[in-house]
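Presented below are the structures under discussion, each in the form of structure tokens.
There are two complexes below, and they share chain A, which is joined by chain B in the first and by chain C in the second.
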Partner chain A sequence: MRLRAFASYGPAIVLAVAILLLWEAYVRAGNISPQVLPAPSAILAGLVANWAVIYDNMLPTLVETVLGLLIAIVMGVILAILLDLSGWVRKAIYPLLVTSQTIPIVTVAALLLLWIGYDIRSKLILVILYCFFPIAVACADGLASVEPELIHLLKSMNASRWQILWMVRLPAAMPAFFSGLRIATTYSVIGAVFSEYVGGEKGLGIYLQRATNSFAIVQVFAAIVVISALSILLFGLVSLIERLALPWYSGRRAGA
Partner chain B sequence: MDIPKLQAQGVTKAFRSGKRRLDVLDSIDLRVGVGEFVTVIGPSGCGKSTLFNIVAGIESPDSGTVAIDGDATGRRTGKSGYMPQQPLLLPWRTVEENVMLGLDVRHVPRKEAQTQASELLKRFGLLEFAGHYPATLSGGMKQRVALLRTVLFNRSFLLLDEPFGALDALTRVTCQMWLLDVWQQFSSSVLFITHDVREAILLSDRIYVLSARPARVLRVVEVSLPRPRNPEQLAQPEAVQLEQELMSLLLKEQAL
Partner chain C sequence: MSNRTRLWLSIGIPVLLVIVVVGAFLWQQRAAGSGTSGTHVVVTPAPGSECTKIPKTAPSQLTTMNFALDWTPNTNHTGIYVALAQNWYRDEGIDLHLLPYSSSVSPDVLVSSGKADAGVSSTEGIVADAALGQPVVSIAAIIQHNTSALVTLADSGLNRPRDLDGKKYGGFGAPYEGAVVGEIIKKDGGKGEFTNITLSVDAMQALESHRIDFVWVFEGWEVIQAERSGVKLNVFPIINYGIPDYYTPNIITSPTEIQQKPDLLRRFMLATTCGYEYARTHARQAAQMLIDRANADTPGTFPDTGLVFASQDFLSPRYADPGRKWGLQDAAAWHGYPQFILNSGGVLDASGKPVHSMNFDKLWTNQFLP
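The block that comes next holds the complex of A and B.
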């Protein structure tokens, strides 16, 4: 079972290794200056050599990401429940919600800098802006997807509105919620890195910017590798939590 | 002493959408005595399920009265065990937890609810499935679990809306026998909906035949086959004659 799960990643691993080898060979053959595109081996060496500094910059980014994501989850779920309360609330909030996503985050970042400055609050707000929307929308759709007959059944049992929400609607919305959360998770690291571009003392975004400004191309790539690795790790963590929290669902999906 | 479980008089219901008006029920009189098995039969789309939702307290009639245990004014939700056409088991709850649903709604302590559920599962031969998720059960098994959930919530008055409609013929007969077993063990009063004439004859003490929409009571038939019933009784001349009589009545309605 575990072996088969690992085997399902096989083709992706083979392809990735093949690309890396080609890249390495291409750079080593002298087709391109290592100042423009360093070889994978050089990036790895750079990552190891600079690990202490990169690690030091990674921690604040990780804190911003996870904290922002957690707040976004709470806000997203509360918003989804509000949207689900009545048709009127949905009609009032939903268009505003969509509009909020059309505002370019770059401009919001500039405003936040003016209003709040560069402490962690402005960074959290940016991460939340990136993440709450997919969570709220997916969760609201999940809440609305419950069969009306099931609601009838609970009503015939004299269940209260909150009991129906707690016992039927929220659990039924969990698969959709996790779909939204997985999307939000992939956004979250990028959101945090981007928020640091605006300013600050430490963070992968700041490290990346400094490396770019000093043409330290190997360090730029090393930072990118770390950012991707963080995203993949968080994504994997969310998938793991989903599988543990929804044993009835993951089994069904595997069977489908 | 003579208070019936259910007494419906002159129940009328219409649905409006904009200017259109759909008359569904036209002055229905219905009676289910304590411990009786009463079936409502009618052409498809005649409003049987609407009648059901009214008895269950999910909808209210435009005019007429519905009294459960002689009470025509109080709320009716919670006074009957309501079982719709689909089993509507919650996929995230195990069989045992699904059977407990009604007790959870009533805030019965977990331990006690569990004891009652497993006792019921044991009594009706489903204990070995207690820890299974519904996705792993067959259609007939799901309906049995749904029926036990209904019984555990309210064993004195069962409202069953075509519970075996989606099952294959063989499974259906075993489920019917099983239902009669449950009914006899708990001396429940049952209001049963079907469009299957043979099923109605096999199970019922009394059959109400409804017309096409708007539904009126066309005929009330007492079934005097001796109990306990078995499928062979359907071959007796009395049953065959009744079947043909009801069939022709329904066919005339269906054509209209």
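The block that comes next holds the complex of A and C.
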């Protein structure tokens, strides 16, 4: 079964390798200046040669990502429970929540720099802004989608509101919560990189900016590779935890 | 796997991840804090110069000062990095913090809002700030003459500015750009008509891949990089084609700061001036201090140190003309070009109306130079 799960990635791997080979051939054939688009082999060599410096810049980004995502999860779940408490709260908060996502984040980033400064707090806030919306909305929808029969059953057994939440609604909301979390995870690394790009001392965003301004295109691409790899790793980790936490659900999904 | 194991694993894996990441980060912070920065060259200022007035030891009380950079560290900033490396700010009683470049908050905004005491801007920026009612004041010219130029690829057949009529210009979205570029083409006998495409990507890349025909860049950075990578360019320095000479970049501060902390600014400018004076005569050593210091703050700041040395060789003799003190500004430069961009209609006030006159002499002062 494991093998089959792994083999299901086969087409993706074949396609990725094919694209990389085409890319390499295209650049080697001299169709495009390596100062505009370097070949994959050159990017890999650049990644290896600059690994120590990239690693130095990767840690701050990773800390911002992981802490920001964690706070976003806590805030998202609490907000989802609040939204679910009463129809009034939902009607009051939900439209504002959606509106908050329509504000161009660049403007918010500039204000955060002026209000808070260049330290990790302003970066965490940006990551949280990116991540908590999908978690809160998915989780709120999950809480609302519980089968009414189950709630009636628990009510007939005289369960309290919190008992219902803890025993039926939260577990039932888990699949939706993980869907939201997976979307948030893919945003989180980009959110952290963007927050550094706006202004900071260290991090992959700063590395990217400085490499660009020094015309070191190979290193720009090396940083992009690292950013993608981090996003994919975090995504994989979330999927793994989902599998562990909801074996019944992921089993059904894989079978479908 | 039992349900209990599953539960513990689902909680344990994220907790472990956080511990590992935060742990590695803190360990790195500690390692960075205890590390000493390479070889340290101690510079003695030339006898007789103002720089000998800098005390040899720092006072016990340091004043914190924030300085906003206009771009990622580069050879325009060398003097500041030299003064940092030589502890001249500290000896003058200043604990200088460099605020990193931000693409969304300009040094002008940081300075006029009081978040930074001083920063780097340009004549265009200062004129636009005054029009918008967020005044800043230039207290030094970092480079004495304008070093910007329009460039085309050597094999493009565009060999002089009048050939640029009807061509594609890769701009950076400033309101005065069109006026300046049009004027250059007209002065060379053209009509001054061209397509202006605002790029957020590296304009030189767009030029090299033939997506645009010409760009406006700094000779001390982009043109030198192009030479180093073997790209042949035609270079038209703007002041050779009828554009009044002007200062860019400048060191700026706010009128409030001038009123409240004139002594701090004077001490700051003494150390800064000594940094640039040193860089004028010691290009190689000064560039090395810039590289070491910037890389210590942020590893990977200069992927290509050769570019920094080449750029410094270009810029060191241009910080000021021979025999002239660094940083001095003339009234002529503060009237010619600012009036030219006001006339072009490219300067707008807060309500979006063109500004046609202002008091230029409020925009600059030499009073803080030693």
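Basically, the second predicted complex is superposed on the first by the 256 of 256 C-alpha atoms of A that agree within 3 Å, B and C clash if a C-alpha of one lies under 4 Å from a C-alpha of the other, contacts with A are read in each partner's own complex, and residues count from 1 in each chain.
Assume a contact is a pair of C-beta atoms (placed from the backbone, for glycine too) under 8 Å apart; a residue touches a chain by one contact, two chains touch by 3 or more.
Note that this is a predicted model, so its numbers are computed, not measured.
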Overlay on chain A: chain C relative to chain B, clash or fit: fit
First, second, both or neither for A:W248, with chain B first and chain C second: first
Chain B versus chain C as contact partner of A:M167, first or second or both or neither: first
Chain A-centred angle between chain C and chain B, computed on Cα centres after superposition, in steps of 10 °: 160
Which of chain B and chain C A:H152 touches, first, second, both or neither: first
Superposed model, chain A: greater residue contact from chain B or chain C: C
First, second, both or neither for A:L20, with chain B first and chain C second: neither
Which superposed partner A:I190 touches (first chain B, second chain C, both, neither): neither
Partner chain(s) touched by A:N50 [first = chain B, second = chain C, both, neither]: second
Where chain B and chain C come nearest after superposition, their Cα distance in Å: 10
On chain A, positions contacted by chain B and by chain C: 247
List of chain A residues in touch with chain C within their complex: 32-33, 35-36, 50, 52-54, 56-57, 59-60, 62-63, 66-67, 70, 106-107, 109-110, 113-114, 117-118, 197-202, 206-207, 209-217, 219, 237, 240-241, 244-245, 247
In the complex, chain A residues that touch chain B: 147, 149-150, 152-159, 163, 167-168, 171-172, 174, 246-249, 251-252, 255
For the chain C and chain A complex, residues of the former touching the latter: 1, 6-7, 9-10, 13-14, 17-18, 21-22, 24-25, 28, 71-74, 99-105, 109-110, 113, 115, 202, 204-205, 208-209, 225, 229, 297-304, 307
List of chain B residues in touch with chain A within their complex: 53, 56-58, 75, 77-78, 80, 82, 84-86, 88, 90-92, 101-102, 104-106, 133, 135, 153, 159
